[in-house]
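In what follows, chain A forms one complex with chain B and a second complex with chain C.
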Partner chain A sequence: MTLRFLAAVAAVATAASAAAAGPLTMTTRMMIEKRVTAADGSTATQLVPANKAVPGDRITVVLAYRNTGTAPIGSLVLANPVPRNVLYRGSAAGSQTPELSIDGKTFGTLAELRVTTPQGATRAATASDVTHVRWRLSSPVAAGQGGELAFQAVLK
Partner chain B sequence: MLSLALLLSTMANVHAETRAGTLITNVAATKVRGTEGDWIVSSNPATFLVVERLDVSLARIDDAAVTVTPEGVAIPFVLSNGGNGTEAFDITATLSDPTARIRLIAVDRDGDGRFDPAVDTALNPARTPRLEPGESLRLIAILDPATPDVTVAALELAARATTGSGPEGTVFTGRGDAGSDAVTGQTGAIARLVVPIGPGRSPVPVLAKSQTIRAPDGSANPVAGAIVTYRLDARFAAATAAVRIEDPIPAGTAYVPGSLMLDGARLSDVTGDDAGNADAAGIAVTLGDIPAAATRIVQFQVSIQ
Partner chain C sequence: MSALGARRLLLTGTVTLASIGTAQAQSTTGTTAGTTIVNTANATYTVNGTAATAQSNTASFVVDRKVNLTVISTQTSPTQVNLGQSGAVTTFQVTNNTNGTQDFLLSANQLIPNGVLTGTDNFDIANLKIYVDSNNNGVYDPGVDTASFIDELPADGRATVFIVGDIPTSPLASMAQVGLDATVAAGGAAGTQGAALIATPLNTLNQDTEIDVVFADDDNDGVLGYDTVRNGQGWAYGVYEVGTHSVNLSVTKTATVISDGVSTINPKALPGAIVQYCLTATNATALTPASGVNLTDVIPANTTYVPGSITVGGIGTGGACLVNGFAQNDDGSQALGPYTGSFNGSNKTVTATIPTLLGGTSVAASFRVKIN
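The block that comes next holds the complex of A and B.
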């Protein structure tokens, strides 16, 4: 397996293009739930690409990955810090459920996480406390294959 | 029939909202375990801009009876920027008849409810300074008699966002903070306040709406699944005939069946069996004739979709 180190990529990446020239590419996009009213008065929810949003809008953060190399890639851990001013709400339908963290270090289910209050006490973590999500892929990604992962959030 | 249909349905800023013009950026990273160690691959940054939502509310500071005296009377009120951007507001004041006139609208800098030219600032034109998100400004309107016999029954105040106003969802492209778009919120970026005036007669009932939010996580964040309890305080300063209170269910929310209450007693959602009825479109409570000064309280709940 050959993998080139791509630490500098984040600084030069543009919003429109996937940021990798190596065998693994990752592309993220944010979608917003828009409620649209049909002619018969019924309403439905559509996901549209987010280029603007108002506080309270529901956002789906999507992460697409693909192995563009010729060998399988194993032990993939895809991590996504929850953007500032965005509150985690839950796993998106159809996506593998992510592991959650409130400090970027310890990951688990929400029920396993506890928040230390300024007074030194602890309380159960809520979805709004989540600062990072990550997905650990259980099987290697074959050459030419990829997938999508997603979580739901809301703009504060 | 007097219908008090509430147009002002304020989703108050119960939490710190993201300011208009903020860029929200998402970057993901992958850790790949290779034979020579771990490699980090980063994604592209996905970004969007936070739009300026325009909302405003007006409220009286007290419920004191207002009489226009020969030396003039000051009416204190408060304007709140309910949006997530900095915004100035134009204020208009209208009297129900020309027997009195509006001397000025001023910022009540010392908050004493009176106009002191040495301290308070008259607004001419009646435009507020730019207010921060959630900021409130105390104001006063001063009325003088225009004729010996003042018969004015009400002062109507209105405040309108200078960026623009209109039905919820009206967009002003590129006119929000930091180049963002601006869009009107549930108030339509316009607020109205009617102040009854006159000794012993107060024909204009006051309907005040407030809300509390309870989210599934126990917080007061207005997120999907949160229950909003609305409370309508209908204050009648005098006998009032054939009163009916109506309030539409705000867009993006759903009425919680069976949640309609009048003065603490539950009403059914069905039309005709009691004073209230409710459906997906709105609630209505028929109070009928109010014989004397009274306050009636209507409550109902919606869930945020």
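The block that comes next holds the complex of A and C.
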């Protein structure tokens, strides 16, 4: 699978940016919120890998990135299209707030985005309209440095 | 429903499937079990001024089967039956609230715990059969609705189920309660009954690429009923009520010559004589009224009906047919009093109608003819 992935990326990128071998590595994982009952009867929420997931479950999509090269990485923009059958719900605690888009082209906050209805009118966007999320890091990532970004969603 | 109306419903966030009509637009059961959810992230950046892109791995998981169903009785009142009736029907509806196409196994139970329904169950229906409505008309069509399990019901789909049975003839029978149990079963093979689903144990390790079964159904028949939470089954209950009892109704008929135009006493049956016929209807069953009692009599050959001679009233004494009689109109229209009468000249039939004949009472009707 890795080889096929490399060939596909090489077809669109220049030689200088053979992505898999590049200095930026990204790892994504999806976690499910699970309610766990402790011995004393109280319930706590745990994040577990998404193995058993049914419609309505709350998902946290996590993206970890790291600069494995020697030079700093600048102007880093990380984008995550919202998966099919998943609805965006908000940014995760402890993560930078993402910019949102309903069409993949224009990014902003929910209040700034407008959705065109089938009748031709426009209305304010809701969380369920979001199709892409994006984080723009303001400062360069030094060699060896990395971070984690996440957003919350729900399985339709 | 108009497009504008549908948009308003979607915007308010509460969706009622029934009013939208079809299940495709917005499902209440969610993503179909077995769907793979994938996530890939990508990035753009610069290193030493040179632009580059990167892509993450693809994370994925399989959506599991969230099992739920709704079983209800669709009747607002018991099915009214007669003693000895066969093929009496109670009607139910099963809705598939699972995120996948499922079969449903059906079984019935006539032993219903006290208190689940009002009333006292004192008979069982015989020859109990369960059938699924095959033509979606909500009515049991014998010979047409023959399936005994629900086959391949899609997510959000509904099926109508009938319990059919025979009513005994014993007059002591008055109410029967029946319960319908629907069990969620595996779908996928049209025409074949699937096996009942078993919940995947919670301690099973990483089942990433398999579809687990999670029971999410609530107990929908309360503390007293048979159902329990999250068992992949649903129950509903129906009632048969014996509504019609027969009464002991009898009619006696007498004839009296009223006058013969010649004799002063003891008139004889001579040509030209007037004869009075007296019909007495008796309801011998105490406490049970009979309604719509119709007395009919064809006038004898060689006689002519005396117009306007129909009277209906209480039982008479001392030779009189009736007392407190109400004269009736020959054309059947309502005259003074609660009764109606009519004479049909073409088939020479006298009819007297008593709307209600109370239990243990008698009512008499009389009419006169002239011997030709």
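Going forward, the second predicted complex is superposed on the first by the 137 of 156 C-alpha atoms of A that agree within 3 Å, B and C clash if a C-alpha of one lies under 4 Å from a C-alpha of the other, contacts with A are read in each partner's own complex, and residues count from 1 in each chain.
Definition applied: contacts are C-beta pairs under 8 Å (C-beta built on N, C-alpha and C of every residue); 3 or more make two chains touch, one makes a residue touch a chain.
Since the model is a prediction, treat every value here as computed from it, not as a measurement.
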Which superposed partner A:55 touches (first chain B, second chain C, both, neither): both
Touched partner set for A:47, first chain B, second chain C, both or neither: neither
Which of chain B and chain C A:127 touches, first, second, both or neither: first
Which superposed partner A:117 touches (first chain B, second chain C, both, neither): second
Which superposed partner A:80 touches (first chain B, second chain C, both, neither): both
Which superposed partner A:26 touches (first chain B, second chain C, both, neither): both
Which of chain B and chain C A:35 touches, first, second, both or neither: first
Contacts on chain A seen with chain B and repeated with chain C across the two complexes: 5, 9, 13, 16-17, 19-20, 22, 24-30, 50-56, 61, 63, 65, 73-81, 83-86, 155-156
Residues of chain A that touch chain B when the two form their complex: 1, 3-7, 9-10, 13-20, 22, 24-30, 32, 35, 50-56, 58, 61, 63, 65, 73-81, 83-87, 89, 126-128, 154-156
Residue numbers on chain B that touch chain A, as the complex places them: 11, 15-18, 22, 24-35, 39-51, 53, 84, 180-181, 183, 185, 217-219, 221-224, 251-252, 305
Sites on chain A touched by chain C in the complex: 5, 9, 13, 16-17, 19-20, 22-30, 49-56, 61, 63, 65, 69, 71-81, 83-86, 117-119, 123, 155-156
Footprint of chain A on chain C - complex, ascending: 3-4, 7, 11, 29-31, 35, 37-48, 50-66, 99, 200, 206-208, 212, 214, 216
